[in-house]
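So, here come the structures, one by one.
One chain, chain A, links the two complexes that follow: it is found with chain B in the first and with chain C in the second.
After this line comes the complex of A and B, so read on.
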């Protein structure tokens, strides 16, 4: 596998690892998350155009933010149910 | 004033998403092999301390503190990943609910820590989601004889006074007090950030003091005795009635009519 740009390759690996780390708390389980994440990244492995790779990284960053927001909301709603509604 | 020295006590509790189980002897909740995380209300306190700094309020230092089993260090790392500068861990050996500090013990311990660290603002979670006592902050305020603002939903610092907004029945209440003071956090204070992997890695380089109860002066032994811990009764399922007459007779049976 020859990478077009080693810096980009590094970025892709880093966001992949970040997402994997986030997935450990995924509601449907880590295995569910990991296989899907792997598939999503593998489906993009043929990208060679630098612009497209950057787009892909951007999308991954977006997904990361979405998952963080999902976790926050899930916890907030549960706590509100338990402590705020009387 | 040289700046805020914030102390944030955090607690390691059973994760909010886990359903707690009572142990067989009915003395405590099962904690072995159960997922633990930082008490959500304490996450709010850390976040608020970090946000104060980000809002250019002069914050000299944010110290995270935890008293608990060795694994409480992971929680302190999370706190430092979120933005605390350093951590203090007082190791306590808990076994099946024994040896655990009760709120008064924690408050006495915190008083010593506050004196030692010369903190002038303590931000605590309003309660922990495991024993739900909701007492530590108030007890600490009493022991230190400081002002307190409980269940804050907004915190503003102006010079050496702090303005805290709290949600009360049918509106909000605004309190103003001079430093030093105690603040406890309510659910809607802020949205805690996620402790990301790179930040947790960086947090491993931040200093973490390890201590034991013997390093502090005072009596932290428990005064309360847990008599029994039981699970709530299971919810009884409803029934379907055939028609209106059926419903009325059922209601009569229950004494509602």
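After this line comes the complex of A and C, so read on.
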């Protein structure tokens, strides 16, 4: 990992941190999220091709958006339930 | 800032103390308090208390808090190897992602934000302690 572009390394670490912060409120619990996230990142650790790493970062960004969307949806559903069930 | 202003007006009222110019950019609270104590101990205002003054972190305290944090971190495989000199990777068996998590936990513990570059340089308990001690706003 040290041999590759340090800028990419920082990007990976940043997205990892972002995802961790997001994972705090994950419905199945933070520990569940953390172990899975860690596994997902660790499974890609032998990537050396810059293009592939960039792809991976893009995928991580996508996952981040998905999680955000999940939270919005969850909030929407909760609110909806509270207002509709009268 | 308010405290300096307050002290200054108080001093004017007392008029016994020689006027001195309180430096604003330095750690204002402590130095101004300390000096005014020396200047006029008898008329020193009891009402002025530095609740928000930075108490400073001792090295032992920082070390203890970081150790506690690592003790509770479930990925530390060999807790017996945990001491002030432990290296995250070599001694504790943490990979780089775990290190990121540890640094995040340290950030939270001391309510500071560590920039990516400096966070990347923290690889051992010792380095973390050094870094925290160098931060004036860590607590």
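By our rule, the second predicted complex is superposed on the first by the 81 of 86 C-alpha atoms of A that agree within 3 Å, B and C clash if a C-alpha of one lies under 4 Å from a C-alpha of the other, contacts with A are read in each partner's own complex, and residues count from 1 in each chain.
Just so we're on the same page, contacts are C-beta pairs under 8 Å (C-beta built on N, C-alpha and C of every residue); 3 or more make two chains touch, one makes a residue touch a chain.
Keep in mind the model is a prediction, meaning the values are calculated, not measured.
> Contacts for A:77 in the overlay, against chain B (first) and chain C (second): which applies, first, second, both or neither?
Neither: A:77 stays clear of chain B and chain C.
> With the two complexes superposed on chain A, say which partner A:13 touches: chain B (first), chain C (second), both, or neither.
In the superposition, A:13 contacts chain C only.
> Going by the contact rule set out at the top, does A:68 touch chain B (first), chain C (second), both, or neither?
first
> Mind working out whether A:24 is in touch with chain B, chain C, both or neither, as first, second, both or neither?
After superposing on A, A:24 lies clear of both chain B and chain C.
> Under the stated touch criterion, which partner chain does A:36 make contact with: chain B (first), chain C (second), both, or neither?
It touches nothing on chain B or chain C.
> Once the two complexes are aligned on chain A, which partner has more residues of chain A within touching range, chain B or chain C?
The partner that reaches more residues of chain A in the superposed model: B.
> Determine, under the contact definition given at the top, whether A:59 touches first (chain B), second (chain C), both, or neither.
Touch partners of A:59: none, neither chain B nor chain C.
> Just to be sure I follow: which residues of chain A are touched by chain B in one complex and then by chain C in the other one?
17
> What does chain C use to touch chain A in their complex?
95-98, 100-101, 104, 116-117, 119-120
> Using the touch definition from the top, list the residues of chain A that touch chain B in their complex.
Counting only chain A, the residues touching chain B are 17-18, 21-22, 68, 71-72, 74-76, 78-80, 82-84.
> Which residues, counting only chain B, touch chain A once they are in their complex?
16-17, 40, 127, 129, 187, 191-194, 196-198
> Using the touch definition up top, name the residues of chain A that touch chain C in the complex.
Where chain A meets chain C, its residues are 1, 9-10, 13-14, 16-17, 20, 34, 38, 41-42.
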